[in-house]
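Labels A, B, C, D, E, F and G are assigned to the chains in the order they are written; within every chain, residues are numbered from 1.
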């Protein structure tokens, strides 16, 4: 995927990546994340990618230049990450600190306090509802931002009367 | 088992490294965005791995199960996925706008035009 | 018990069909022939595996959802294949034939 | 209107099948959601005899049974081909005549062909379907028109 | 137990499809691979749900079954759009040929 | 694209179930996986499918960009409005328990309402982005 | 009743205002509405600062859940002060916005522009007010996305490439912060800052904490644009619309500095950051390079906005010096500099925007003779520029005074020397502007230029006059900053 010069192919490989990730999320019990990955990966990302590639050109013209700096940077980050994971609790350890402090409260009290058996939804919408408000704001920012940057053409085919669309006209 | 307990993290790290390389190395802007998506997914994997509990099941309360995985990382990653999609959309829109302005989305060609 | 055996048999057949589909995907010479191979996995393979799970689920909503999955797959899979084949032809990809040098009859 | 009503019923059935929680609240919400989905579908103008073929009635399930058998048979054929050491394939791309009158019938025929392993519709034209077949034999079988007649029968006189 | 066998077969098939995606050679071969992996993922998610004793997660499989083909249709649209543009450009090139 | 027969018929057949499925996901986020964001994306995907097959002009007729922008705003405002309402109800910002006499019930209602806000906002934003990118020549 | 909700209103009000702004449809209505909101935010920020100063830290439980379970807003002297800076600069810039935006943004998109502006402000305020590390990430992304979009609105096409570059680098930075937060969560099980402040030091120097520290620091430094992570800044500021350059220059990097303070001093603790990890050495080295290199590059710029942008790179170095010294005096200096630099740089970018408004260009060659033709604007540039140099009676002098003092406290006289050298270089680039404006004759064929509209003058002069005022009356800023610094360093030996 990194070496594919054909952008269309690269975008498709991103789709495969998303599919495999979705399966992985299910295996790791993160069904809500899997659901999101499924909806986003299958529904919108590929379409957006293809539309953008249609607008910008299909082939990557230039080979990767100066490959040493990026390799160095990713090695540095990767090395630091590996160093950092050395003393993280092992995979699936129920005694890990992450499983001890606040998470039990969600799992034990969550349904009683919110009336929602899906704890992910309970935490998402209630305990950390403000994060989710932020999340909606991010999406909203993206939508308004895309409008502000590209606008939406009002094709003039339908007649001059339609020219007053003020969602951002483009010449 | 001890040796295997961190394999998941390392897989995520390898993905993160590939992703980071794919952000920095290509000259094509769309390609950079693809790399960015990979890099972010790899980080999500780290989080979800942290939340997995051995023998646990998905955190949807159900009478038949007693051990659940940690829901908090899932919530955080849901938010982060949304952020990633938004970033991707804005990035693609920017790339399209750049194509309009410069006629190309290759960073090297853009630099050349700017230098002129 | 009988249901279990039926389920196993069904899943086994489905798994076999799916493997055949995967194998065909690798062995076949061009896009169109590969599509034929993958349609084995999409229809027969998926059908038998879902049928096997249906035996396990018994008469319940789960089984109904499995049916729904199968129905939707049956609608979307050929549409996707068709769209893909159409796109490939439009893009100027010519089907592989047994004797490439042979003039068309 | 007939279509909209039956679409509502169909979608509400889908809701009940999916839901699994039959509290009065959720049932009511389900009705509201179904109505909304139907409204959007009507606005999209996708609710007509093509998008919602109720007129085919009981003939469709019978056809599906027949099709399932066909699919199994050709799946076995393709399996044999894939597993044979020397891929005994002889792909052909030809136009197959179709006798359906309506677009819907043509689509059913086209998708049935694609669904059957070994044959694949690549485009639908005025004088028939362009079909890619894995073997010459598959194509010949198709050209005998068994499937074509059945689809036309399903299509009925509409 | 049998679910496990199904999962194994599915994983092997995903790997085979990945090989196809890697080999290419055309974009369409990769789309075929994506489609196949999509179907496999539907089944895989269903199988894992049964394996873990939580078959109610079939909703995720259902999402894929419903909307995974949108990407393929986008490919077709992409090709059509590009052909239209190429034709337009060719026309324009012909039109300007006469001019110096 | 409009001339493409198979796609047209199959999309007509599949779009209503996709939309309904999105609404189902929206309403059952409490009990199973899913919720407002996923529902919004799936609903948006249904609209995107329509746009891909029937063209952006038809898409405009079904979902005018102006309406979508208004809906996106309303989605965000609905969410934030629940926060303000719970503040008026005597709680903290977004303390849904204050919406009702029974805190658990209030929480449940609050969660449902904000999820609807999320769903509306996400679905309209996805469609806006699609329209903006698709109409780009 | 309202008073208890002030912390959340500070962030929720602009958040709610943004969609309303979109619904208003008309650029002029949106401007009036945004102005009202910004001044309201300033009032809220002032009230909050007053509450914090008189009653100590405020905690607000969002959703009514107890802190480690839910998200908490926690205001102490530091973030209340930064909130005031953010709301204040936004409010003061609003009179300027109308004409500037009318010139640079197309009519049918103006209301969207103001909505995005409000969202950027929401993000920045949210980062500052929150007491939850993941919430920081979410609001960081809101502000970043909004900034990318705002920068891309520049009239020249390079605005788009600058924005894209910022998007890539900024997203990597935010992702690194996300990894760091993930490591911290894996080791402590909490996301609340106050809770982390107790639990992280108890862990000691384990690899995970070290890695988390490294990732978060690098991520924040990218957002702060400290050398060598400043690559995105010059182009982004130089090609963004005038209003956006001024707003981002005055606020975005300041919030970066705030995040650095918060993570380093509160989450990881002074002991860990500065004694276990060599943060002092690293920060001082990078900052001093930033001061010298940024200022030197600024001297050779031929465009006023680019010159100011590189000067920002240098001035951010001063912030780094103050934080790196890790003493009450140093942090006070940094905090005061956050305040002063917001005023000065904001005013200068506004003035540059005014020049662009009248001349259509900000090349230094276009500035020839402008001292006589746009006397008020150029006077503002000169006063602001002198502030950058750190001439006494301007506020720039105050912050540098504290930095030098902090350096001498620790016998780091080379640091003090570097700070002074940076000032001298600053004198060189400010001198170039002055030379161009006052000592060069206007081009003979130049068209007559009017002084800028009064509303734009008003904003510019409000910021510049503020920088002079707070240079003379240092009690307010220094007083608050000193108390805030004491709070931050409370855990220090």
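The rule is simple: a residue touches a chain if its C-beta (ideal position, glycine included) is under 8 Å from a C-beta of that chain, and two chains touch if they have at least 3 such contacts.
Just so it is clear, the model here is predicted, and its values are computed rather than measured.
Least step count on the touch graph, chain D to chain G: 2. By C-beta contact pairs, the most connected chain pair is A-B. Summarising the inter-chain layout, the chain whose CA centre lies farthest from the centre of chain A is D. Put simply, the chain closest to the centre of the protein, by Cα centroids, is A.
On a Cα centroid basis, the chain most remote from chain B in this structure is D.
The mean-CA centres of chain A and chain F are about 17 angstrom from one another, to the nearest whole unit. Chain A and chain G, compared by their mean Cα positions, are separated by 28 Å.
Chain A and chain E have centres, each the mean of its CA atoms, that are 19 Å apart. As a whole-number value, the distance joining the C-alpha centres of chain E and chain F reads 25 Å.
For chain C, residues that reach two or more other chains under the stated contact definition are 23, 35, 65, 68, 72, 75-77, 79, 81-83, 86. Under the contact definition stated at the top, the residues of chain E that touch 2 or more other chains are 14, 31, 33, 52, 54, 56-57, 59-60, 62-63, 66-68, 70, 73-78, 80.
Multi-chain contact residues, meaning those touching two or more other chains, occur in chain D at positions 14, 18, 20, 110-111, 121. Residues 5-6, 8-13, 15-17, 19-21, 23-24, 26-28, 31, 50, 54, 58, 62 of chain F touch chain D in their complex. Touching chain F in their complex are the following residues of chain B: 58, 60, 78, 82, 89, 92-93, 96. Taken in their complex, chain A has these residues touching chain B: 1-2, 7, 10-11, 14, 17-18, 21, 24-25, 28-33, 36-37, 40, 44-45, 48-49, 51-53, 55-57, 60-62, 64-67, 69-71, 73-75, 77-78, 81-82, 85-86, 88-94, 96, 98-99, 102-103, 106-107, 110-111, 117-120, 122-124, 128, 131-132, 134-135, 138-139, 141-143, 145-146, 149-150. Residues 56-57, 59-60, 62-63, 66-67, 70, 73-74, 76-77, 80, 85 of chain E are the ones that touch chain F when the two sit in their complex. On the chain E side of its complex with chain B, the touching residues are 52-54, 56-57.
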